[in-house]
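Going in written order, the chains are labelled A, B, C, D, E, F and G, and every chain counts its residues from 1.
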Amino acid sequence: MNMTLTREKESPAIEIDNVGSAALTEKVYETSNLNLWYGENHALKNINLDMHQNEVTAIIGPSGCGKSTYIKTLNRMIELVPDVKTTGQIKYRNRNILDQSYKVEDLRTQVGMVFQKPNPFPKSIYENVVYGPKIHGIKNKKILDEIVEKSLKGAAIWDEVKDRLHENAYGLSGGQQQRLCIARCLAIEPDVILMDEPTSALDPISTLKIEELVQELKKDFSIIIVTHNMQQAARISDRTAFFLNGEVIEYSDTNTIFSNPNDKRTEDYITGRFG
Amino acid sequence: MKLINKSHVAKKMPARLAVNTICKGLFFLATLVGLLVLAILFYRIFTQGIGSLNVDFLQNFASRKPEEAGIKAALIGSIWLMVVVAPVSLLLGVGTAIYLEEYARKNWITTFIKVNISNLAGVPSIVFGLLGLTVFVRALALDRSILAAGLTMSLLVLPVIIVAAQEAIRAVPRDLREASFGMGATKWQTILKVVLPAAIPGILTGGILALSRAIGETAPLVVVGIPMFIAFLPQTVMDTFTVLPMQIYNWTSRPQEEFQQVAAAGIIVLLILLIFMNSIAVIIRNKFQKRY
Amino acid sequence: MIVRENFELQLKELQGKIVKLANLASGAISKSYAALESNNVDEALEVIDDDTIADLLEEEINDFAILLIAKQQPVAIDLRRIIAAIKIASDIERMADFGVNIAKSAIRIGDQPFILPLTPLKQMHDITLKMIQLSIEAFEKEDVVLSREIIEMDDEVDRFYGEMIRSLLRLSDEKNLQQVTQLSLIARYLERTADHTTNIAENIYFLVRGRYISRNE
Amino acid sequence: GSNDTSNSGKGNEAASNQLKGEVITDGSSTVFPIMEAVAEEYMATQPDVKVSVGSSGTGGGFKKFIAGDTDLANASRPVKEEESALLDEKGVKYTELKLAFDGISIVANKDNDFIDSLTVEELQKLWIDNGKVKKWSDIRPEWPNEEIKFYSPGTDSGTYDYFNEVILEEKPMVENATLSEDDNVLVQGVEGDKNAIGFFGYAYYSENKDKLKIISIDNGKGAVEPTHETIKSGEYAPLSRPLYTYVANKSVAEKEQVADYTQFIIENAGELAEEVGYISLPEEEYQKDLDKLKELEK
Amino acid sequence: MELRKTETYSVQQMILEKKSKKKINMEKVIPKLLFITAAISVFTTIGIILTLIFETFIFFDRVSIVEFFTEAKWLPFASAPSYGIMPLIVGTLKITVIAAVVAVPIGLATAIFLSEYASEKTRRIIKPILEVLAGIPTIVYGFFALTFVTPVLRDLFPSLDMFNALSPGIVVGIMIMPMIASLSEDALVSVPKSIREGAYALGATKLETTIKVVLPAAISGIVASIVLALSRAIGETMIVSVAGGSTPNMSMDVTSSIQTMTAYIVQVSSGDAGYGTTIYYSIYAVGMTLFVFTLVMNLLAQFISRKFREEY
Amino acid sequence: MNMTLTREKESPAIEIDNVGSAALTEKVYETSNLNLWYGENHALKNINLDMHQNEVTAIIGPSGCGKSTYIKTLNRMIELVPDVKTTGQIKYRNRNILDQSYKVEDLRTQVGMVFQKPNPFPKSIYENVVYGPKIHGIKNKKILDEIVEKSLKGAAIWDEVKDRLHENAYGLSGGQQQRLCIARCLAIEPDVILMDEPTSALDPISTLKIEELVQELKKDFSIIIVTHNMQQAARISDRTAFFLNGEVIEYSDTNTIFSNPNDKRTEDYITGRFG
Amino acid sequence: MIVRENFELQLKELQGKIVKLANLASGAISKSYAALESNNVDEALEVIDDDTIADLLEEEINDFAILLIAKQQPVAIDLRRIIAAIKIASDIERMADFGVNIAKSAIRIGDQPFILPLTPLKQMHDITLKMIQLSIEAFEKEDVVLSREIIEMDDEVDRFYGEMIRSLLRLSDEKNLQQVTQLSLIARYLERTADHTTNIAENIYFLVRGRYISRNE
């Protein structure tokens, strides 16, 4: 883990992307000139953001700034809201996902999502995990069993549930449910995992566990996480984007954002001077 | 190690999407069936009845002569019936719902009452007629008055209102109650000032739907013995009366072709009344959409 | 609109404590130097006694800062403010210690006549005190420009120090060994004090910019 | 009970007075149109008298009559033994008044071109169950070899009762007969079914003459088609039945408006019955009823 | 902010003053009043049972209860009357089954369409329209069945009788369909959006989400709605008496005339049966059977919905 | 504000209460040997805690440790749960509130409560605030108006809502709603205010505002606050009680708890080493 | 069960950096002392050059610690660990500076023969190095007992320092002025280094106990 301050950089942090580690890791998402309207409400304004493979990208910002809107656009979950209009493009692995010919189902098979409130299906733990593989046509019981074990281990919950795989998922605690949801998401072996405030409904201990887990997961996945909790972003992310009123105010490596942000508004936000 | 063959998954996707589209079409067609039936029904009734529907029809009493026959007594009678049913069933229904949701302890009596209510909801209306005849007409000597029929109908729709009110009350978040208790409000104050106002839309919608059931029921009134012919308007709830569905039923069983049209006109009036009541329910529902 | 009023107040309080400590330190130095000049042993002893206050105040600042971090989860500049405060307090505390050291030396010299004019020493003393004053000001105002000036002033102190030491060494012999030793130590203490003010200045720079001054020069 | 009436005067010349109070009648749905017409007319002359006419069936009417709920019980058949026993038990004295005739019409589908008349025996052969499926050719060999479809009023109706009594002679009706409580429904049935045969009240036939084929009945005196005249004269036999109303003696005695209304019934029943599709009785029948009534009022 | 100091009055003080004035204790009275209202539903049931039971006893005094349940013929008007309720039950069940076959798939499909596929606007329009369908007086449906559905069906199946089980069955199905659609839709809608999103996010299509996640989650509400609708079908009177004929029989044939329990009650209670006759009392016995029938249905519904209840 | 570490104290922190500031402030609550069972579940075990006037007392601890249970016992809100049994006593201003002769309504008129989720009534802002006074029989319009202004000012929300007092409270943002709930609570001028995780449903900025408000309020009220957020407890409270499995593990002044806790379990919890 | 594995790892990393810095510092001191003894100017120059590494490492530690605070919101002992790390790093950095100072003095002395035996100086050097070693150990193990021992060892250094200074002053005259001055400075540097190890020890005590050692003695 690289935690030293990038002392030399005097150039605007927003460009770090193109200068710094960009060379090292591949980009999974490239958003350019994205605008989004809810009816008349211009919720995302000219967003330009690139996200990188095997990194944790955090999105922070005050309530209503468009964080959820943006992350939901990344797997087109936003389409569930009626009357949404977008312009610009989001390239996922070099294909524009906003193109209607891109089937959402294909996209979502590649891009998993974890939500704010744990939302396991009201089924058994096992059934929750195999749901994704099953709908994608995997029926072989042995493979499914393997997937279950692998995913639950990946989500660091295997030991806690291995003896009760066939009990209802709602018997688990909130933190366990959230990890189960992560396991469910891992089961389809996604490329990217989107997380929209995955710990905001959890107690501090469960939150820490999820944070640790995210750190683990980035070895195998690219993770984009929305969070209200600035320290969480600071702790677990490699890059952080600060949104305000639908705009990206600052996007930079996390250490810079939290030690020496470029923009006064970013600083005001992260230091809690904002209202 | 990858357990999932992504290319396989991708290959299957078009078929899955096709199934989705087909089923969507089927679901839509199913929805159309209901609408279609309604349309046919309305078309038939309107083409048959519209000719007889005029001001006289609303102002006249029933008559042996189809051209003179009118719906006045039945229409006013139905409204009178509502005047009894609405307050009685709402009062009893909401009272019961409050009791069950707010006061009842979890014991066998409560369970029994609950099972009993949901059972009552399924009891055929005709059985309520038998009950009304025995209890209200006879035992309480209310005769075949509006009151007797109204009470019978109230009991008939009571379960519907109780269930609707229970649901509405249950939907009022617990934290609103706690907030009120937290200020030192008593239970009854809390119910009266917080729970009921918040539950009112749900209760009213349920209530109106229940009333529209009451307004269309024939069987129990037949059993209670409500007369079919009346050529005067009731003055008090103790007077006897007749209602729309009875009048319609009566006309449909007349040999004269003209009476079939009169009956259709009566059905139109009934439907208008029903749609009117349903619209109120819808308006209430949309206007007071849950905001908590 | 500022929402963290309480936190702001506490940061101010922390700043206040630092200023207080700095005043203690600069007091200790000027007082001990005065004691040296006037051969006033009592005054010198007073300085030594008072040092406990400074020590305690530094600990208090330390604790206060740590609690502030624990409670307020500061980040970015706020965090640097507090960390800088801890470091600056420790620098200032050292200064107060030097005040004590000077006082001790003054006592050792006792009422011996000075073997040489103290002019360069006096100069050092004046500049150093000025530096302390300025560093407090720079700290309060978070003034980077002033910090740089302070750092530049250190060269002058170094210059006078060299002058003083050379003169002393020239006069050094068996009989005034004690005085030479003590005076050179005093010079050294003043020089160190000035060094510590440059530390403070550097910390202020770091506080404001989040970068280290050394790298940029 | 309906004893809440406050009589305006106890004079005998009730008709000339403006009366108040209630008259409650209930019972047969067959009689209902007549009683409705009577009430309608009566209330034109006595607007303050509230006449209500129920239609809960002959049995239901008697039930209420026995309980003392009603002043008049309309019936499409004479009172039954069980009922009169109960009436006695309750001490309800009553008087039977005849109102009109209803001719039971036997009809076939309009497209039926072979059937014109039937003898009573043939009727019995048609309608009485023999455990077999019946074909037209079973009745008369020259008729088509097609299965007959039977339409009958519900078993609980007065019409069925009467038919049962005079034609079936209490033997079971063909099992596959289609029964309905509603005569209009039967009209529909016969109209829509080529091999249908059915029977119901004369009024339903006369209103649907163009849709149905009427069958004359030969009871040995030649085929008679049910018409207004043949029924009234008794020529159309045995399928014409009388309709009744039963009035409580006590009501007549105690309630002026009931006495007045009953008198009005007798005076107008014939004419009004004709209007709603029934056949009036010979004049002397009504006179007899009037006499009975006069007797009661005393 | 100096809450305490600036005040010229004290709220707590005022509260204390008001409190000392209060007299009646509503808190004690109200629950009792409410309990009484709740008890009314129980009295209603008791009333129903009592109403039915005495006359039912009289009936069973005359007809053996064994015969009532074992005899295969229901011929109360025959000269040698036979009181076997089975034909009426069979008739009732035929109607119920046909209604279910019509209403369950259409109702569920409609519910799914409205809750999962239709826009909010469409939902808001269609749902109340369907509820109108549920509110139409049954007598209207009866004639609709007889004068429209039956002829249409007879065009399709010429062997169909004028009175049959099929036509009223279908129409009862149509009548209860909105009930299933509306209540099931409520159940579907109340499945949290988050659960759906969970499935979508895994790349599931709408259909897969609905069938494999939403439906199972709402199953208790759906089952309850179906049972409720079916018990309505069982209790339905007018449609079957108008369009179903009045021929009690045990055959499984749906093309010929039938009679249901409710239709029998209507037949007798609006017919000319003599008061005090066995026939007359038979309607109470049938009513009692019907009551028990619906009771069992409802208990079953409650059991099922408790059993299938999914926590979310 | 006294933030210096209490260096000298070597005695168990739990006794600080009786030694330190106890002499300075009056006690509002004295809990002794409180035990509470939910049916068979022993949820509070032998709790002994005293709370002081014009102080903020924080209660922290992992999920399920009994925090909410305890705070709800303080205004007997716990009675809404069926099948709860208590032993021991809680004295509020020297009277045992667990005594059934103590009218809950009286108690709750003295002891206000603010909940986890903002729970304004679905009425106007004005009606929300006057709800308490009105049910307690205050009807004078002028007095009510005064109460509204005073309470809303007290809850630092007056400026934001003064022009829309008669609009529905649900039009407010989450943070505003919570402050409205506090205003509603202030309207009956309680003596003590209980808060059960009042900011857990709010975004960081709203949270900070509420925290600032709590600091203000303690000048006039005694405040007892349950929180999941340890830093929040650290920031705003004077004393902190650490609950674990229904027991009070440590109760001490907040600075001690967060700088130098006495009990290993406290330290593990506050430093996040706990699972 | 430990849930903050990452944080633990980072704390360890911070510790590692401190140890590395301490090794640099102790290396600088022993190397410069060796250069003095062997009159090896090159080695001395090397020490001076290498100091940049130590400076950078201290800044790195500083940054690392600050980010750790910003990210992990440590409280209680964790927070003290990090704060102590910052302070200890600054102490160690000073030690490395003293290494440089010694090297500079060594260069100034050049290849002059020593005017007196360096035994006490050597002693000081050995003890100081030992103290650095021990303080690293104490820091790694968070060993309070060891810290106290380190503090006690400082007295010994002070004793040798007095001895050395007295001898030097006695030999002081015009011609070996330079050597006397440089040797006394070197002694002074070693003494200061030992002082800084006691600072470290005190910080370790504070880290572990959350209280200041001075108050308890």
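Points worth noting:
Throughout what follows, contacts are C-beta pairs under 8 Å (C-beta built on N, C-alpha and C of every residue); 3 or more make two chains touch, one makes a residue touch a chain.
Here's who's who by UniProt: A, F = Phosphate transporter ATP-binding protein.
Just so it is clear, the structure is predicted and the values come from calculations on it, not from any experiment.
Common neighbours of chain A and chain E, listed by label, are B, F.
Shared contact partners of chain A and chain D, listed by label, are B, E. Of the two chain pairs examined here, B-D and D-E, it is D-E that is joined by more C-beta pairs in contact. Chain B and chain C have CA centres that are 88 Å apart. If you average the Cα atoms of chain A and of chain G, the two centres end up 46 Å apart.
Per-chain CA centroids place chain A at a distance of 35 Å from chain F. Within chain G, contacts with two or more other chains are made by residues 3-4, 59, 66, 70, 73-76, 79-80, 212, 215.
With touch defined as above, residues shared between interfaces to two or more other chains in chain E number as follows: 147, 203, 205, 208, 266, 269-270. Among all residues of chain F, those that touch two or more other chains are 5, 7, 106, 109-110, 136, 188, 205, 208-209, 230-231, 234, 258-259, 272, 274-275.
Pairwise, the chains that touch each other are A-B, A-C, A-E, A-F, A-G, B-D, B-E, B-F, C-F, C-G, D-E, E-F, F-G.
Taken together, the chain F residues at the contact with chain E in this complex read 106, 109-110, 133, 136-138, 143, 147, 150, 153-154, 156, 186-189, 191, 216, 219-221. Considering their complex, residues 62-63, 173-174, 203-206, 208-209, 228-230, 272, 274-275 of chain F touch chain A.
The part of chain C that touches chain F in the complex is made up of residues 3-6, 9-10, 13, 59-60, 63-64, 66-68, 70-73. Residues 2-4, 6, 8-10, 12-13, 16-17 of chain B touch chain A in their complex.
Contacts from chain D toward chain E in the complex involve residues 28-29, 55-60, 62-63, 66, 75-77, 80, 82-83, 85-86, 149, 151, 154-158, 160-161, 164, 170-172, 176-182, 185, 188-189, 192-193, 196.
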